[in-house]
Each structure stands twice: as C-alpha cells, then as structure tokens.
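The next part holds the structures, each set out as structure tokens.
After this come two complexes, each holding chain A, first together with chain B and then together with chain C.
Let's look at the complex of A and B:
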C-alpha cells in the first residue's frame, strides 16, 4: 500500500509511547490541580458577598472566554519576553525560573483553564442542591460549615460527575496544543514522525487511535463512578417498580 | 537492451511532454516566515528573494504565477495533494525529500550553522554540545542533521514549529544555541537588532562526507511533483536564462551584498 506504510509507525513506537506518557501526565496533573483549586473557589463563587464572588467570576470569564492556546502562548512566550522576567532568570531566582520551563508553563495554563470550567460546574451544582436538604441539616443544628462539608459539597460533587466527565475528555484532547511550546506530547510525537517521513496518514491515524483508547478508558471510569455515586438519582429500575 | 530502449522511449516522451503541456499558470507556494527569502509584507502578501525569483522564472516562462502561503511542516504533503504546483520556499535538496518530490537545479547554496551568544565556547560538534539544549525548526535540514548526529547522545534537541519561536527562546535563555540554515539566521536574526550579541560559532557546515552531504543537501531548489517533469524542465531552463541574462544578480543585489549561489 503506497498511501499507508506501517513501518513508519513501528519504527517510531518509542517516540509515540513517550508522547502518550507526556499527554497522560499533562491531562491528569492539570485536572487534579484544577479540581483541588476549583472546590474552595466554587464555594466562594456562590457567596452573596460581591467582594468574594466578583473576582472569581472575572477569572472564569477570562479563562472560559479565550482559547486555551492563546492562554498557553501568553504564559510561555508572552511572559518570557518581559525584560523584568529575563532579569529574574539571569539572577537565578528559582521561583521565576519555573516560567522558563515549558512543562511548568503548560501545566500552569492547563490547570488555570480547567479550574475555571470545573469551578463554574461545581458552583452550578451547589446552587442546585435541593433546599430541603439544607433546611433539614440546619434543623438538625448543624453549623454553616458542617452543612457545607456534610450535605452541600457531597451532593454537589455527585451531581457534577456527568459534566465533569465531559471536561476530562475535552482536557485530554485540548492537551494536544502542548506541542506549540516545544513539549513532545502525543500530537508532538506525531508531528515529528510526520515531518520526518512526510507521512501524515500513518502518524496522525496512530496518534488518533491512541487518543481514542485513552478516551474509552476515561469513559469507562466515569460510567463506573456514576453507577457508584449517582445511583440514588437514577430512575428506579423496572424490577424495582414491579413490587 | 530492452530496458534501455524503454528508458530512452520514456525520456523522449518526457522531453515531448515539455511542449505537450503548456504551463501558462503556475501555483507557487512559500512559507512567509523566512526573511529575507520569504516573508509576509505589510499588505499581507508574500514577498522576498524566493518570491522575486519565482516571479522572474514565471516571467521568463511567460506564465502567470499565483502564490499560496503554506505552513512549513505541511509543505510537501500539500504539494503532493495538488494544493499547488511548485514549492519556492528555500527548500534544501535532500535525498529524503527526493524520495517524495523532484527538485530543479539549485537556485542558491546554503550551509547550516550554530548560533549562540558571542564568545561562548560552542561549536557544531557533538563533543562541544553535550548537556546543551539546541533549538531547530521541525522538519528542516538542521532538524534532520541534529536528530541524526546529536539527539539522544547527550544533546537535547528542542523542536519548534516556526524559526521565529526558536529565536525568542534563544533570547530568553530557554535554549543554549540554535542550529539553523545560515541564510535564514542571517536575514531573520543576526542582522536584526534582536540578534545583537549573537553570532555564528564554529564553522559553516556543508557536509564533511557523502553521508553528511546527503542530510544537509545539495543546495536550495524548487520542488515539483515527480510526474511534472515538464514543469521541472521548464523551470530549469528559465533558471539558466535568468542566471545568464543578469536578472538573477539584480534580484540577489536587492537582498545580499555577497554571492549566495556558490559554485
């Protein structure tokens, strides 16, 4: 077959595996960091005090309103161009030196981006916690903090599982832009193979299959999570209705 | 003998093809990020040495030229997908590319060089670059050379989609050196204010042996699809003509003070 040469793929397998590993790292770490930040911020987002909720709303407005690629280029090339930053690098300031590293810049951009989406998701879920649950908890004499910890957050996080699964998959696929700042993720590996062999079909079809495989694994995990934690919100099954 | 006959018949056919197909319209592609050879002018159109040469060849062939802007790493696939007919984008003639496309004779010569801060003790050699980060543009001759001789042997080769991004990261100190085509670095960096304090370190590489020359290439040519032998022949004829009638020198002087054709 002239249009499809499998040796292009088999000859570059180590490069593809390294790229896949980079993609998995970027996706998992940024989602985890985003999640950890999104939970407290989502509580602040629904606060009635505008001094607390407005700045967070401005943050999500920016990060959800601009493409992640633009955010990444701003953080990587934009920050690196400032005179002040270059002076910090030359003086060896170890905090600012982080911004010289492509891996850190990408992680930062991805985490801030997914955090903005996740926190709006959680904030929406918090607003949707049934009022009765909260009132019942208050009637039991729980403090506001205890209500949040025992009733509101567990309920909201459960309800956020289906939209969260979409965000996780979007993030996996969105991570393909990491190759714009020299990181060799799965897409970067495919681009290297493509430019070395001029074989776009082979390189990108194989990368696509790997993305597909990871997506299937993620979808499976979320199915399991939904059946485990969201069972009480499912319509009752036919067998349950019989009796 | 039969093979010879067949070959000469084929040659005769392809020679006949020169007059058979009239190339009155040629779609030429360039990248637009490789000053002074090709770049995007203030009006958004392509301009530069490559474009002037392409237009001079078209004038010589009495053909109408249209220009297409194409990203570098999709250049050869796009040519094969018939998005355009010829690549006039400072593309080095290499064995690897010749497996996919055909090239005209060279229209200029180009060595590859290492660029870093003035006075650093670096040379374009493996021993000198151990432990260093070297930037290349993905899919270029310098990428192929660095990948073959340095990558994985203690040198970290960092690949960029665009040459401009590699300059930014050299300036900001993210990489120690850039390994690139000499003329590209000359026009795009060294002669610009941003390039002050940077220079070519060590020698200009043309390839020390046949193996290296196969990677670095035989100069810069125009790429066409393998089946368009007639176009290749006409471009070669036009190239010889503009070399002879002084048009080539006129364009060259517009951009460079010294000879770039080599011998």
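Let's look at the complex of A and C:
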C-alpha cells in the first residue's frame, strides 16, 4: 500500500486553502472581539465594588474552568432547547435566527472564551502597574479617567503582551474544534480529505504543517511586538540580546 | 430535571471515563516530560535537537488534529500489520488513542516545565551533596529532584488544569466520555442545554478539587521556604 501519496494533497489544495482561510477568520475575529470586550471588563474586574467585580469573576470562572468544545456545543445545540427561542425562530426574528447559524455560534463561543482569558490577563497586569506611576500621575493633577487612559492601560497592555501571545496561539489551535459544529475550517477540510481518500497521513500531517506555519508567523510577530513595546523592560546587559 | 436524574448514572460513568483519560494522560505526560527534560539538558547535541523538534511540533499542532492523526493513522498501520500477519482486523481503541495523544502533547509542555525547574535548583546544592560524599544517584534523588518539584509545581498545576479540559475532544473520536454521553442524552431527550450545562458543572467540580489538592501539595513542597511577608 502507498503510505504517503502527495497527489492527495495537491489535488485538494483549494479545499485546504479555504479551510485555512476559515481558521484565520475564526481566530482573528474572535481574538479581536474578545480583546475589545476584555479591556473595559478588565477595568471593571479590578473594581473595589463587589457588585461590579463579582459577576465578571463568575463569568471568567465558568469560561476558564470548562472546555471550549462544551461551551460551543452548549451555545450551538443548547439554545434551541428554550421554547421562547423556538418561538422566535418560528416568527422569523432575524436576530435570534443567528443562533441557528454555526458560523455565528462559533464566533460567539470563541469570543466569549478568549475574552475571559484576556480579561484576567489584563486585570493581572493592571494590578501589577507600579503604584508610583499612578501616584505620579495623580500628583500631576490627572483625573481618574485620564490616569486610566494615559498611564494604567498603556502600561498594563504592554506588560500583557507575553501572556497575550500565548493566548493567541492557544486560540489558533483551539479553533480546530469548529469542525464539531459542521464548519469546514482547516481541520474540517482535513477531515473531508481523509474521508474521501481514506488518507489519514496526507490529510492530517499537511493540516498540521499549515497550523505550524501559522504558529511560526504569529510567534515572529509577537517577538517583534515585544522588542518594540517592551524594550524599556528588557535587561540592559548585552547578553539579553542573545535569544 | 427528570431527564437529568434519569441519565445521571450514565453521565457519571462518562465522568469516570473522562477522569481516567485525564489521569492516565497525566502519568504519560509527566514521564515523557521528565525524559524530555533530561534530553534537553543532556550534553549530546542530537538528543537536544530531536527533543526540540518534538516540543515544537506537539505544541504547534492542535490537539484535535494530532488526535485524528493518531486515531485514523494508527488504524491504517494496524490494518497493514494485521494484513501482513494474516490475522483478523484489529480495531484501534479510541481510549488508547486519546490517552496517547493527550499524553504526548502535554509531555511536550511538561518537558519545558521540568527543564526550567531543573535549571532553577542552585548548582551549589549539588556541590554540597557531593562534598558530603553522596553518589550521583543520591544527589539526584535526595537533593535535585525534591527541590526541582517545588519549582515545577505551579507549572504542573497549570498543565493539569489545561489537560483536564482538553480531554473533552476525545468525544470527537467516539469515546463515551461525559461530553459524548451528554450529546447522546441531549438528543434523545431534546434537552441538550441541560446536559451540556451538567458537563460544565462536572468539569468545574473536577477543577475545584484539583485546585484544593494542588494547594496542599504546594504547601508540602514549600516547607522550609520563607515567603515574603509585608
């Protein structure tokens, strides 16, 4: 038998590209939505008012403590259990009909998941902003909002770059479960190629290599971002330049 | 609610499968990680290169893709072998494929954890051991290893919590873990939300218990270390 037949891959290249494009869309979009939500929520998370911080910590507790696959299934297959939702679907309400769409549900589940992780990262970084920076800003007569916007958030976001790079890569890899709800992402494309040709090695090794390639690109981008925005935190010795 | 009670024995059986997958994977991952760390710190360069390749590939490819490769690819290999031996076709076990995949993926993460922890033990400790006339093995077992564990524990805890959650993907190769059983129960009762939520609660419970155990271990291995108090 033929162990590795490259013609299986070359014959399915368009399918792999479409899958890769779907994976990139899912990853980039959910990371961006998660980021946009995580910034204000992280400020609320560090609030001293428990009525503000507690609900957010319950949200992150749930989304960080359960598998993203189960969250996705809960949203995509679960919402239809509600009779109210079924009525909305029957009446053709276009907003609630979105919840029958695999693409929308996947984006929603991924965004909520990564938002929970990102907001805890940012909250941690906000708590770690040196107090002297805040005091100096207050001494300059800045209002609380200005301190937040010009001092705390920029400083915290820079410090959050290394853990954020981790989260971006985990999100890329986590997005592989989209094929559980019929979406044809890169993994879904590989599964289709596998079942058509019964060629597991060609399909999954090629998909794995594409994921690796995207991972390398992302790691490179974050290296650049760190050297650009975190230069002031790097040790000043020459040896720090090595790796 | 009645449906949940009716299906709870099956769901709990699934939770047991999930726990078995997670614990066996952890065992495999820790052993692989210790071996990998030893290779990464070895003086033999090719050993370091191969381990670097292993950790890069297993951390750079999604767990699901790896699992599908192991499961379907493993089946092809098994078929060829049984053809060759003119035996009956053997079906690859989803449980074994799941444990092997998750174990080797997290073995790559543990390799990095243990490598860092081994390097964090001050060299003076080992020199002191040798000065007392300990053998290499005694230095390793009584001095290096216990102190390494202290540095590795936070990393081990994090990896375990991620590992536990990644067991949910074994449901996608048909292993009857709690996610798979919740899917079945949700379909037959038309109450998928109830059952998936129950799975979430079970995962949260497992995480809570793990955190408790980890805290206990942390305290045990930090005996004799003064923490900063303000």
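Just so it is clear, the second predicted complex is superposed on the first by the 235 of 243 C-alpha atoms of A that agree within 3 Å, B and C clash if a C-alpha of one lies under 4 Å from a C-alpha of the other, contacts with A are read in each partner's own complex, and residues count from 1 in each chain.
Quick note on the criterion: a contact is a pair of C-beta atoms (placed from the backbone, for glycine too) under 8 Å apart; a residue touches a chain by one contact, two chains touch by 3 or more.
Values in this document were obtained by computation on a predicted structure and should not be read as measured data.
Overlaying the two complexes via chain A brings chain B and chain C into a clash. In the superposed model, A:89 lies in contact with chain B only, and not with chain C.
Legend: residue contacts after superposition of the two complexes on their common chain; A:200 is shown touching both chain B and chain C. Legend: residue contacts after superposition of the two complexes on their common chain; A:7 is shown touching neither chain B nor chain C. Contacts of A:65 after superposition: chain C is touched, whereas chain B is not reached. Residue contacts after overlaying the shared chain place A:77 against chain B and chain C alike. Legend: residue contacts after superposition of the two complexes on their common chain; A:215 is shown touching chain C, with no touch to chain B. Once chain A of one complex is fitted onto chain A of the other, the partner contacts of A:190 are limited to chain C, with no touch recorded for chain B.
Of the two partner chains placed by superposition, A:128 touches none, neither chain B nor chain C. The wider contact with chain A, measured as residues touched, comes from C rather than the other of chain B and chain C.
Contacts of A:176 after superposition on the shared chain: chain C is touched, whereas chain B is not.
Only one of the stretches 26-34, 80-88 or 134-142 in chain B has C-alpha atoms clashing with chain C after the fit on chain A, and that stretch is 80-88. Shared contact residues on chain A (touching chain B in one structure, chain C in the other): 77, 80-81, 179-180, 191, 194, 198, 200.
The residues of chain A lying in touch with chain C in their complex are 1, 61-62, 65-71, 73-74, 77-82, 172-177, 179-180, 187, 190-191, 194, 198, 200-201, 204-205, 207-208, 211-212, 215-216. Across the complex, chain A is touched by residues 73-74, 76-77, 80, 97, 100, 138-139, 143-144, 147, 158-161, 165, 168-169, 172-174 of chain B. Residues of chain C touching chain A in their complex: 56-57, 60-66, 68-69, 72-73, 75-76, 80, 165-169, 171-172, 179, 182-183, 186, 190-194, 196-197, 199-200, 203-204, 207.
The touching residues of chain A, when paired with chain B in their complex, are 77, 80-81, 85-86, 89-90, 100, 102, 179-180, 182, 184, 188, 191-192, 194-196, 198, 200.
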